[in-house]
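Beneath this line is the structure, given in structure tokens, with notes to follow.
Chain naming follows the written order as A, B and C, and within any one chain the residues start at number 1.
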Amino acid sequence: MTEVLPGRAAARPDAPAAVLDIRDLHVDYGYGADPTRVLRGVSLTLHRGEVLGLAGESGCGKSTLAYAATRLLSPPGIITGGQVLFTRPDGERVDILGLDDPALRALRWRDIAIVFQGAMNSLNPVHRLQVQLTDAVRAHRPGLSRVQLAERAAELVELVGISVDRLRAFPHQLSGGMRQRAMIAMALALEPQVLIMDEPTTALDVVMQRQIVEQITALRDRLGFAVIFITHDVSLLIEIADRIAIMYAGEIVEQGGAHAVYRTPRHPYTRGLLTSFPPLHGPRRELGGIAGSPPDLHHLPPGCPFADRCAFAFDRCHTEMPALAPTAFGDAEPGRLVACHLHDRESAALPTALAVRP
Amino acid sequence: MAVDTTTPAADEVAPVAVRDTAPSRLLFLRNLKVAAGTIILVAFTVLAVVGGRIAPYDPDAFGPAIMAPPSAQHWLGTTNLGQDILSQLLVGTRGVMIVGFLAGGIATVLAVIVGVTAGYVGGVTDEVLSALANVFLVIPALPLVIIIAGQLPDGGPVAIALIIAITGWAWGSRILRAQTLSLRRRDFVEAARANGESLWRIIGFEILPNLTAIIASSFVGTVIFATLSQIALAFIGVTSISEWNWGTILFWAQSNQALARGAWWWFVPAGLCIALLGMALTLINFGIDEFVNPRLRSTGRYARAMRRRGVAARVGFTPVTRVPTEGTR
Amino acid sequence: MKFLARRCAFYALTAWAAITINFLLPRAMPGDPVSALLNRYQGRVSSDAIGALTVLFGLDAQGGLWEQYVAYWRLLLNGDLGLSFTFFPTPVSQVVMQSVPWTVGLVGIATVISFALGTLVGTAIGWRRGTWADVLLPLTTFFSAVPYFWLGLLAIMLFSVTWDLLPAAQGYDPGLTPGLNGPFITSVVRHGTLPALTIVASSVAGWILGMRNMMVTVTSEDYVQVAQAKGLPERRIMFAYAARNAILPQISGFALSLGLIVSGTLVMEMVFSYPGVGYVLYQAVSAKDYPLMQGVFLIITLSVLAANMLADLAYALLDPRTRQEG
């Protein structure tokens, strides 16, 4: 591999440096006078080599956040504020939103790649697999010969466990699991620093899911990239993520280490999400669920967007928007953030369900 | 022209797309193109009804002014026999409209019957009906119409309309079959079948209402085809020349060397009328297309809105404006 | 290959249908115009020819319908389509075959130019929306509504009568001898320019609109977004990802519209007196030359079928999904 793509040493997974820093991002849908404000000042940091899980219901904005980071949102999306800072291995930092078109094109795929859902539609139906694996390489590194490109394609499919003779196949000749693995291989073509995975396992059966998840973990260990793993399946994140961020109605409502969030949820919504999944191990538990449905983003009530569905809401919740801040336990659990008034030590008492000791 | 176009990915990333895909009825008329097309169509319909009465002269009557260019007495000039061309045009409108809409209607009914049945029933019926439609689709229409009409003793407008309908129904039936096929798999149809609703009820109440836009578009398209075909037939001289229509005017113009004599007023107005009518119908069809396919509708709207905001539209790059919008939470 | 085999079977069916329609039509129509014309030419028509016409038109038909049908097929397979009355005593097949190259040349070239031009312009407009190019849309709409032949008349009036730039009639200067010589070829090109331009002008609109709509649909597909995410150069995305997929329905639409294209060209030839199949048909209709009319219809239909097969072949080559199914 080092002959074809020289000099990308795998980053140490425990290095705390931030590779992608989203600050105060504002995204609207609609170009007219009354757009829907989908993301209203969201901030998120991804560290080098870590797997960050981004979870939430459909329509909460997790995909929007990820696509907006490289300006890939389809119309009528428009970014109206904020910064997306990307740090190169050599320490250079750029604001992706400020790059001009050629620079942005150069950054795409080489530094940040996206693994789309491997549905039939994500692969160009008229190109063979080999072409689709290497056309990005060809575009970013024009000096490579056909032989080198073919070698690279073979390396990539080997990485994800697809046999080399499938390189000449067309997308409609591949199974669903193979297509998803092909998407992953495609994303790794230029050995990017950041991999954004958009629901990579949602369309697959459970067995295939496990294989893909294991593959991703192995690849991360080997190549050292950072991952933003977007899914609505929180229990899946426990397996693969180092940190988890939970989104609701365009806000990040909780953030922290994966196991910590799983065992000790601090936000009522997180708790609701976690009790909606039956645990595979441990004692049987009554399934919870969350009453009501997500709010209409175009007509958001003032205050916390979850207030109407929250079992623990009180007056302040309906009038004042909570900020993402340390939990009620403060320094006892560093790195944990939650957007909930219940954690403001001056106001209410924290319900026991959310107060499991760290 | 799909009835349902939102993909799963679109739902994830654009939560408000759902609102946009259910336009109000008025939206159809608010579209400038459609409004223009409808106005022109209505104008021609009015002319078809009253044309005979408001024509200044009898179209067949000879007159003293031979091959005269447009003047105060003859707004569109005269033919080589002194006939007033404006009158011919006005009287001929009725023939054109009648044959056009009659043929369009018959062809659309045929297309609906064949297309929906083939799409819904499937199996051998589908194969047979599709083969039938494809045969009529591939055989070139005009030559077929010509040899049928040519071997028919002088037929009136109804006969011509029928012949055109028989050669022109196939295209619409293909589209309807494709749509019916995709509708059949939708949940509400499955539910109706599970409920034991009879075949005709399902077709009548569940499927046909969802096809109205496509049927309308197919009807309009067939009317365009029928109009052009009958004009061509009249021009060639295959149809009876006793009834006036715009093609007949062109036939006489061609036979009498109007071109060589420089009598542009003889054939230009007729052609302009055909073009206007055809354009009006095409515009209406655009409106239906945009109504049915939200992507076509929205691209124009987005482009205008973006221009107003001073944002450059580039495919594949989300626009970034740094002006903070008021009221950010 | 299954795809192509099915298509071949279909075309065989259609050919059979066209031939059978040709057989049944004169027998279904009231009156017997051919007999009347035959009487006029009595004495100068060989018994063989009379026999052929009887089979083709069912005059004083002896034997049942099926026997006539079989005899009809036998005649056709011998290439005998009867004698033309207008060009008496030239056989119909000869008359038609002489005119076919002219039509194929005119239609072929004009259609290819129109398709290519329309597809390119449609790609450009469909890719960059909201630009000045959008004004082309209402313009092309108008042109697509104009009947071919009227545009031809207009063109003649402008370019031939008013400004004596291009010839208005026939395929070549009658004074020249046909052959592969310079003056002849120049003359052919000159005479063909106006009809070809007219065909292109009125049909290009349809291709532009069709391609544009397909591009709009395709650019919102996921794989185009993936291509954007890869940072590929814009040209590659527009052509190799978007247009390459958008053109597929255009090609199948092309195959379907061949019938319309041919129809339009026929009338065009009548306007320009261009010595192609359409003009022959026009003469046949004017003179009520039924054998010629039938012969032209058959040849036209079979040619359109052949062209359709070529278009299907092109589609099969371009869309890998039609090949071995899985």
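One rule holds for everything that comes next: a residue touches a chain if its C-beta (ideal position, glycine included) is under 8 Å from a C-beta of that chain, and two chains touch if they have at least 3 such contacts.
The model shown is predicted, which means the values in this text are computed figures rather than measured ones.
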Interface with the most contact pairs, given as the two chains involved: B-C
Middle chain, criterion being Cα centroid separation: B
CA centroid of subunit A to CA centroid of subunit C, Å: 55
Where subunit A and subunit B are represented by their mean Cα positions, the distance between them in whole Å: 49
Inter-centroid spacing, subunit C versus subunit B (mean Cα positions, whole Å): 22
Shared-contact residues (touching 2 or more other chains) in subunit A: 72, 74, 104, 117, 119, 121
Sites on subunit B at which at least two other chains make contact: 7, 9-10, 299, 302, 306, 313, 316-317
Shared-contact residues (touching 2 or more other chains) in subunit C: 220, 222, 225, 228
Subunit C to subunit B touching residues, read off their complex: 10-11, 13-14, 17-18, 21-22, 25-26, 29-31, 33, 127-130, 134, 138, 141-142, 144-147, 149-151, 153-154, 156-157, 160-162, 168, 213, 216-217, 219-220, 222, 224-225, 228, 234, 237, 256, 258-260, 262-264, 266-267, 270-271, 281-282, 285-286, 288, 290, 293-294, 296-297, 300-301, 304-305, 308
Touching residues on subunit A, where the partner in the complex is subunit C: 70, 72, 74, 104-110, 113-114, 116-117, 119, 121-127, 135-136, 139-140, 170, 172-173
Complex contacts: residues of subunit C adjacent to subunit A: 220-223, 225-233, 236, 240-241, 244-245, 318-321, 326
Touching residues (chain side subunit B, partner subunit A) in the complex: 7-16, 19, 298-299, 302, 305-306, 308-309, 311, 313-314, 316-325, 328-329
Subunit A - residues contacting subunit B, complex: 26, 28-32, 35-38, 40-41, 58-59, 63-64, 67-68, 71-81, 97, 101, 104, 117, 119, 121, 199, 297-298, 300, 321
